[in-house]
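One structure follows; several queries about it will come next.
A, B, C, D, E and F are the chain letters, set down in written order, and residue numbers restart from 1 in every chain.
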Amino acid sequence: MRALLLGRFQPFHCGHLKVVKEIAEEAEYLVIAIGSAQYSHSLENPFTVGERYTMISRTLKAEGIENCHLVTVEDIHRYAVWVSHVTSHAPKFDVVYAHNPLSLRLFRESRYKVVELKLHEPKKYSGTEIRRRMMAGEEWRNLVPKAVADMIDEINGVERLRDLV
Amino acid sequence: MRALLLGRFQPFHCGHLKVVKEIAEEAEYLVIAIGSAQYSHSLENPFTVGERYTMISRTLKAEGIENCHLVTVEDIHRYAVWVSHVTSHAPKFDVVYAHNPLSLRLFRESRYKVVELKLHEPKKYSGTEIRRRMMAGEEWRNLVPKAVADMIDEINGVERLRDLV
Amino acid sequence: MRALLLGRFQPFHCGHLKVVKEIAEEAEYLVIAIGSAQYSHSLENPFTVGERYTMISRTLKAEGIENCHLVTVEDIHRYAVWVSHVTSHAPKFDVVYAHNPLSLRLFRESRYKVVELKLHEPKKYSGTEIRRRMMAGEEWRNLVPKAVADMIDEINGVERLRDLV
Amino acid sequence: MRALLLGRFQPFHCGHLKVVKEIAEEAEYLVIAIGSAQYSHSLENPFTVGERYTMISRTLKAEGIENCHLVTVEDIHRYAVWVSHVTSHAPKFDVVYAHNPLSLRLFRESRYKVVELKLHEPKKYSGTEIRRRMMAGEEWRNLVPKAVADMIDEINGVERLRDLV
Amino acid sequence: MRALLLGRFQPFHCGHLKVVKEIAEEAEYLVIAIGSAQYSHSLENPFTVGERYTMISRTLKAEGIENCHLVTVEDIHRYAVWVSHVTSHAPKFDVVYAHNPLSLRLFRESRYKVVELKLHEPKKYSGTEIRRRMMAGEEWRNLVPKAVADMIDEINGVERLRDLV
Amino acid sequence: MRALLLGRFQPFHCGHLKVVKEIAEEAEYLVIAIGSAQYSHSLENPFTVGERYTMISRTLKAEGIENCHLVTVEDIHRYAVWVSHVTSHAPKFDVVYAHNPLSLRLFRESRYKVVELKLHEPKKYSGTEIRRRMMAGEEWRNLVPKAVADMIDEINGVERLRDLV
């Protein structure tokens, strides 16, 4: 099996990591596609795609996971061509893991095998919750891998998010 | 040193590989940025960015090169924002290797250290020459790494190029 | 009179058909412009423009209406050029029928004769209401022409809409 | 068989008409897709897509051809998504007729049945030749259907082309 | 000091004018950058950028302010390149005045000196409030410079806004 | 008369200045529209629109010409909407001066009064010739206003152009 995992990873958190480990173990390789690649510096998408790429690749290295490919995919807002767009930006894959109903639907219409991601403790391990905690000054570091927390500190990510409010 | 190598890699050839090996040896890591990411199926840009990504990542694996990051960058045709665009799509870097005069100029204006790539035997190891040979039915496999030749065969790349003439 | 009717037709319903019949009867011809052409697979715009085109052309055929031209128009989100954009995508017209206040305003500023569409029973015969019923599992087939209901069944349109929620 | 015919139709000429008649006779219906829809007022693409739509629909009416659907398709310059883009803008089809090698290749890669158009007397019945004659002040009216010649006169098409030189 | 003032100016009001006077007095010159340049005819952005340019240039003339440069900047919705985009569209500047937290953050990340605009009586002198009054039929002329009120009357701006509701 | 002058001004030269003086003398005001605003750093378009804006505004100041408005206009490559696009980016105008046949044609089709620019000694006073001289190391300073020559030196414009070859 060659798997694709779709997400925005704003930021990459422990829920994502758990899923990545599980899929990577079974798969020949896992393509991690970082979506909304052109967006950053907003409350929904605070981190650039380069920052998100770095968070993930450092985590994979720290965890010793070696069979992943990281790709970045810009939104093009023409959903009828979304599957072709993703496909042309990634190494070949045959199973799609995603959380977003739209992505699941689009790949299903194109006859891909799709698996709806069931995130572990989704109220806690969620980008929205983590960004909320950052803005509120609450504890968030325990929800993300150490490499991600370090990276966010390095780029003053929490300050960026608060400045945007 | 954290290096960036910019190119279109249509296809990735032995000249590129030689350069990658040399930079990767010296650098903490090397970001390989595959440009013109949205283009494919033309005489200048026959391969999709996903195909080019696969060519390069298979070659790096075969060669045992482990400190590279592969990123893909779409052309946006607004050169005044090109440097910011690349920067936001990649892990941090401080030296830029490129062949294209425009890229060199733009990064130099933004005060990056730039190095003009001197490709080995540029008349032979060149994307243009390799695509010409493919179209003419001449020998090209000896100019690219084995993983690249295999990949091009897998996707019937030569047939694609000839169909486009 | 050569008329233009602007809409998104998500989906084309009996209210639209009534209006089309009335205009087509009086006009030399009626251009039906299907807007937001690039959008699909969302709660607001579930159907592709090709699907909407098919719904309408099958209905016109079933009804024996022959003096209509179907055109598709992508949103370009620069309203100051909207009138030129529509004009260049359609056969010539001199009266504009629309429901959307923005379209009415823009064509009026360009000195076109505009007519605000008064839809029959607008709470019932409305795209929003029909999509709501589809999602809620309520009866919707009686609000659209038979050719439209058949088409939506053919493409599993209701399932698509529910998958997107 | 449901057929798609792809072209730019700058302008629609007798060679196109001959092909349309042949396909329409055999097919359940023929979708005529007018490409490069956003372009006009250039030497290569003098006529707007609305003008080209009008030329074709008047000709079809004059010829009594009733099973054609006219659609317009904008270029998006991302060939990897081209097939999905066309597909989402048109009623369903299963055979593709085109002249352009790129379109043929792209639809073939997506497993469509494709037929390479063999135009009758291609040196004479060609958009390029007709535009050349218009600019040179030579006879061109005999190469296009009467409805097209009339339409071009109506919009002062020859004057437009000459102004652009 | 060469200053940049960023805003949408929908419309330019007395609060803006007060700030312009203060900055222009101190600065070698002030670049007034009119943002969201491609938008118009919406409740948030009723006026075209040409109309806003005219409002501001007439006001500057009436006030005898001579060291301002008016530039227009389209939104590009890729915030990581926003600073380069603005910079390439304007004469050189070294201090940025803005109200919008995003702009302030982006220029600060690029090591520009930024000053958060403190508008005088922000509940009254605000584009949102002025547009609300226009729609409600309340008094708004006393909140904008006379040249702006005249310009809005000239183009029937209030009628446009009400038509859009 | 309120005039519009369209050009790319790569760079603004003495031929342009002569024309500006003549039009500005007769006109209530002259809008100078700098086109191809998003392009820079190419052999055809070396200077950013901000740099071109600065060249022109410094020249106007040096020459004491006060009734000009400088606006910048991005190319949108949809010529059917070009007139609306320019119109929405500029103060009102009723006569258009341009050199480019396409612009003249488009404004004429929209019923504007157009005047074809007859540049003085067009082989010498031409952007193409000036850029050629810069690249060849020949004398070019005598073909542009002093403020322009100074500005180009300030930004190392000649070096930029040579780097791009």
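Quick note on the criterion: a contact is a pair of C-beta atoms (placed from the backbone, for glycine too) under 8 Å apart; a residue touches a chain by one contact, two chains touch by 3 or more.
Worth saying up front: this structure is predicted, and the values here are computed from it rather than measured.
Engineer: Work out which chains are contact partners of both chain B and chain E.
Structural biologist: Common neighbours, chain B/chain E: A, F.
Engineer: With chain centres taken as the means of their Cα atoms, state the distance from chain B to chain C in Å.
Structural biologist: Centre separation, chain B to chain C: 46 Å.
Engineer: How many angstrom lie between the centres of chain A and chain E, each centre taken as the mean Cα position?
Structural biologist: Whole-Å distance between the two chain centres: 37.
Engineer: Identify all positions of chain F at which a residue touches two or more other chains, and write them in rising order.
Structural biologist: 40, 48, 78, 80, 87-88, in rising order.
Engineer: Name the touching chain pairs, please: which are they?
Structural biologist: After working through each pair, the chains in contact turn out to be A-B, A-C, A-D, A-E, B-D, B-E, B-F, C-D, C-E, C-F, D-F, E-F.
Engineer: Help me check something: in the complex, which residues belonging to chain C touch chain E?
Structural biologist: 77-80, 82, 101-102, 104-106, 108-109
Engineer: So in the complex, which bits of chain B are touching chain E?
Structural biologist: 76, 78, 80-81, 83-85, 87-88
Engineer: Of all residues in chain E, which touch chain F in the complex?
Structural biologist: Within the complex, chain E contacts chain F at residues 37, 40, 48-50, 53-54, 57, 69-72, 74, 87-92.
Engineer: Could you please specify the touching residues of chain A with respect to chain E in the complex?
Structural biologist: 38-42, 48, 160, 163-165
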